[in-house]
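Think of it as A, B, C and D in the order they're written, each chain with its own count starting at 1.
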Amino acid sequence: MWAGTPAKIVMKCLCAKDSPENLQIFADKFGWEEIETDWRKVVTRDDIDLISIATPNFLHKEIALEAAKNGKHVLCEKPLANNLADAREMLDAVKRAGVKHCCGYSYRFTPSLALARQLVQEGRIGRIYHVFVRYAQDWITNPNFAMVWRFDKKIAGSGPLGDLSAHSVDATRFITGLNFKEVSGNLQTLIKERPVDGNNPNGPKGMVTVDDVAQFLVNFEGGATGCFESTRLATGRKNYNTIEINGEKGSIFWNFEDQNYLMFYDNTQGPQEAGFRKINATHDVHPYNGGWWPQGHGIGYADSFVIEVAEFIRSIVDNTPFSPSFEDGVKSQEVLEAVERSVENRSWAEVK
Amino acid sequence: MWAGTPAKIVMKCLCAKDSPENLQIFADKFGWEEIETDWRKVVTRDDIDLISIATPNFLHKEIALEAAKNGKHVLCEKPLANNLADAREMLDAVKRAGVKHCCGYSYRFTPSLALARQLVQEGRIGRIYHVFVRYAQDWITNPNFAMVWRFDKKIAGSGPLGDLSAHSVDATRFITGLNFKEVSGNLQTLIKERPVDGNNPNGPKGMVTVDDVAQFLVNFEGGATGCFESTRLATGRKNYNTIEINGEKGSIFWNFEDQNYLMFYDNTQGPQEAGFRKINATHDVHPYNGGWWPQGHGIGYADSFVIEVAEFIRSIVDNTPFSPSFEDGVKSQEVLEAVERSVENRSWAEVK
Amino acid sequence: MWAGTPAKIVMKCLCAKDSPENLQIFADKFGWEEIETDWRKVVTRDDIDLISIATPNFLHKEIALEAAKNGKHVLCEKPLANNLADAREMLDAVKRAGVKHCCGYSYRFTPSLALARQLVQEGRIGRIYHVFVRYAQDWITNPNFAMVWRFDKKIAGSGPLGDLSAHSVDATRFITGLNFKEVSGNLQTLIKERPVDGNNPNGPKGMVTVDDVAQFLVNFEGGATGCFESTRLATGRKNYNTIEINGEKGSIFWNFEDQNYLMFYDNTQGPQEAGFRKINATHDVHPYNGGWWPQGHGIGYADSFVIEVAEFIRSIVDNTPFSPSFEDGVKSQEVLEAVERSVENRSWAEVK
Amino acid sequence: MWAGTPAKIVMKCLCAKDSPENLQIFADKFGWEEIETDWRKVVTRDDIDLISIATPNFLHKEIALEAAKNGKHVLCEKPLANNLADAREMLDAVKRAGVKHCCGYSYRFTPSLALARQLVQEGRIGRIYHVFVRYAQDWITNPNFAMVWRFDKKIAGSGPLGDLSAHSVDATRFITGLNFKEVSGNLQTLIKERPVDGNNPNGPKGMVTVDDVAQFLVNFEGGATGCFESTRLATGRKNYNTIEINGEKGSIFWNFEDQNYLMFYDNTQGPQEAGFRKINATHDVHPYNGGWWPQGHGIGYADSFVIEVAEFIRSIVDNTPFSPSFEDGVKSQEVLEAVERSVENRSWAEVK
């Protein structure tokens, strides 16, 4: 049985760039003891052990560096940074400081995805042939959806590449343990300008400077191939975060839209009986040991964050290794950066 | 936007028949202020407004009656009682006391099920022809699963009839508004004895006195037919709480194992285009207004309880009508009791 | 490898009550050598070995009796007759004549259904707990669908009970080998009158004298329970011929709308790995040995008839036992007749 | 209603390089009037109007050229030839001869795929954003599957690129009407050698000279993106010929493993109701007008070939335009050739 919170957790201080009034409403609603608008004051407080960074990406680095310098454990949302150099600097900082670090690849804490890793690592699908991945959403299919900050490369860094494919790359590494060797990518912006005001579609427009769709082919070390796509223009796909892995002895297929299930094909059962089976991964024999949920009754998106935080705190309390760490954050960033180089050169790029 | 908690909720006192040590551990973990072992002390406290009853069924009545007498609002788990007479007495008590009452048919608070009701009530499937229902679980398919209290009619009241079909009956009433006219039932106990100790299958056995499977055919007022089954022996079905409703203009199919979705067939689209569509019911246009969850990312079983409690408290704060009330609890009980009469007489029984 | 046609088959003579012109067009199109309008002339011809009866039900008996008397092998569509006595008379006739007989329960020749039987007979799901069956169609959900002969009890015998549930009863017997002990049924006609002319909905109406929906609960010998429903009013269900069988060690679910697949849950795999698996049953290790179809490419409804006829002719050529025989036809009829008795008496009826 | 065979079809002569004995067995079984081993004799016969070429790819051209020269209509299996130049030569020949020509992209004759085209061409999904395609099989996942001719580039031309992606390219063109502008590909051979004798895995090996997996990214004229993969190493995928097309107003998803269905998402229905709907495409309002199959009962792989041949013969009888023609065969070949160029140069290649 997953033992729940490994320590008494106190939600000490909420910090954001907003009015104190708004912060107080939020703090009351969710149970934060105090509020603050200056993050520099927070990262130096003695009564705080863990800093959780959920700001826009371009702010991650500075906060993480200060937090580490002050000996705080750090949980930072993904992608770690807007470029590989920054991500590496952040990794160096937390290592030097000797603090625990978590890069928020929360999908790892979905029991069904963790079960996929377990089966693959136990050799149940044998030698891996292919990784086939699509992460598709549809919230901006309407060309009149407004020009928000997420479409500005300076602030957001990238479009679905950093937002969605980052998750796919991490999930692939987590499940398979494969190393990305080279990639050939394509980043396209299909809707090139959007109204500044979504309610005034004929008014002034802004230029979209990030990708709408990110695709890349992969050759892994050892010979397996990969095919990745992420997009926000796949009408009808809400959070279609999927990954299929085909091996000599079997296959797995995972789809977050059916988050409580893992599809597993075991070829050793022979042609008469083999078939993709839909495993309900909420039993207490499954990863995270059944947690607080009754078997078969289903968990939701929010639950994976609870597990993530609990597991991270457990690793702090027990002083045990933790992943996804900033190291995992850097590894993903290496792949994303290679995709960007490939797109620039219109040819294959080495992941390094 | 679903506005969240309608009042500041204080979890005042946890009460159960257990050691203070155990209760304290539980209270600390989940945030209860105090603990108590004597429920009579709790229901008379001035600083408590709402009593939530989640005991075994045979204890519901006494607590509910005392709570009502003391002017407390009452949330009672389903089924309301182990027989219709008790349920009616409870309803009378809360009505007389003028308190708000909730019978815990929590599935009503799954957005996808509430969407089903909305579509049906708007006439989207037209005149209803059939209700086809199966609620199947598999946790006792092993004949060596131990003889626990749930298999003792004196304590549990019934097997899947009261535990599972009660939900199905309420969901049918909620979605369709149909009245049950007459039923013809079958209750069977397929595994008639079980080891007292599950780890000692060859040791002493106890007699199972509740049903393993409950089935009943229904004629509704107005002519629609129903077919209901619930069981704990359906190997592979974890929490297969399903309901299909066929009407002249369309159909809906709901399955809690895919709790974020509703299947809807709209026959007015014509044969070229009509098909069951899988609606992801977590958008903010859906019932409970998208709540706290990001669209398309999925909620879990626990979330429906949060919504239930919040909605009940909102009805108390706003003094608005609430359902499922004890009246709904009584209505379900009338059907279950008719099924039992039908089984006894091996013929059809009127619901009254 | 399924060896194909076991003998050279000559389609000798097409016989129907129609104009010679129409018959000739049909015969040319499908390759019949001759045409005839008087079936009595056909059943006595020396150059014909096999008579296939595909007339309305009430004509089956007379033709089958004459065919048998003349030493012809007989393939008769299901249900064998409009009542049990007639069906038994037909069985007696073919047995006395020593001819081969087939009752056209064609679904037995769908490889996926035959695989279900094979797994169940091999004990893969263990002791059977439940049979849960729905056969649903939707071709008459429109109340203005015309009053055709199928709605006249004198000609059609019954509605979905004989048309659809007959298949379900045979499939249950085929897969499980269980004997039906007693049934409790419900037959309802929800649309009681229909326009004589579908294009003139406000014109004269005729009374529907058959059921629109047939439901029955079953207790099998040995204790398993059954729940059966068939209907033509399930909007959106095209040919939803389904059967679920739950056993101590596993479950199967079959749905003709996915005719190339069988769902199988093997509980011996344990909770970590067990899940319903979707077996593509078109491999050459599957029943009917992969036939003429390439693995995994799918067969259709028509193919099962080809297999049925080929298997029946093979049993004639090899003089081997064949099922579904008229005996199977009688067994199904016993169940249907018990359902009708139960409906009349509004209580349980013994199958005998 | 699909009127069936548009002319009386006589299966005149079966021709193959085999013993007369074997040919005769085959001819008898399937109803061919005569047999022949020299194709040159067949293509000059006056009593034959149509030549169907189903030989290995490298033989297509010579036969097609002779057939055309002799004024025969030609049905040639896909891919038209092993290279673009040959394919163009074949197209020139049939055009010059003025005969009708069909390139056997049989999937176009699956009603559900034709329905996809119809919806897309009617503008139901609006501007197309993405084409996302996977055609996956698993018949050679076992490394000891023998070194057959299909793995020899000289005979087979290519692996899944020509065998499977050719279908995907044609289906994309058929449904969307989009033109391929540039591609970036990856062809990999994961199992580089195979035993000459599958029963002797440790015996002599042969080199596999074709691809095991083919992947390519696409930029279409007008801006839509594409992602294509085909493989024979996707364990568990039997004939997973799939295509998803996302547009501004909707999406379609087609999967040949569910060949009777088309998934369609209509975004104009709004977030409350929109969902992928599963359309059973066998009604008589659907393409090929319901053919000979009863609505909702399902057709199989073989049926598409019957429709293909009937439609081709109808176009000959009525002298109407036909597609897929050799022109379509050439268009597909242009894409495949560009993929091969891209792979050679490890960069993007223009389709021309």
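The definition used in the following text is that a residue touches a chain if its C-beta (ideal position, glycine included) is under 8 Å from a C-beta of that chain, and two chains touch if they have at least 3 such contacts.
These are the chains along with the protein names UniProt gives them: A, B, C, D = Oxidoreductase.
The structure displayed is predicted, hence computed values, not measured ones.
Listed by label, the chains that touch subunit B (Oxidoreductase) and also subunit C (Oxidoreductase) are A, D. Simply put, of B-D and A-D, more C-beta pairs touch at A-D. Centre-to-centre spacing of subunit C (Oxidoreductase) and subunit D (Oxidoreductase) amounts to 36 Å, using the average Cα coordinate of each chain. If you average the Cα atoms of subunit B (Oxidoreductase) and of subunit D (Oxidoreductase), the two centres end up 53 Å apart. Taking the mean of the C-alpha atoms as each chain's centre, subunit A (Oxidoreductase) and subunit D (Oxidoreductase) sit 39 Å apart.
Those residues of subunit A (Oxidoreductase) in touch with two or more other chains are numbered 274-276, 280.
Those residues of subunit C (Oxidoreductase) that touch subunit B (Oxidoreductase) in the complex are listed here as 125, 129-130, 132, 134, 136, 138, 141-143, 184-186, 188, 190, 212-213, 215-217, 219, 223-225, 227, 229, 231, 233-237, 244, 246-251, 265, 267, 274-276, 346-348.
Across the complex, subunit A (Oxidoreductase) is touched by residues 115, 261-264, 270-280, 283, 285-286 of subunit C (Oxidoreductase). Within the complex formed with subunit A (Oxidoreductase), the subunit B (Oxidoreductase) residues making contact are 4-5, 8, 28-29, 137, 139, 238-239, 256-260, 280, 282, 292-303.
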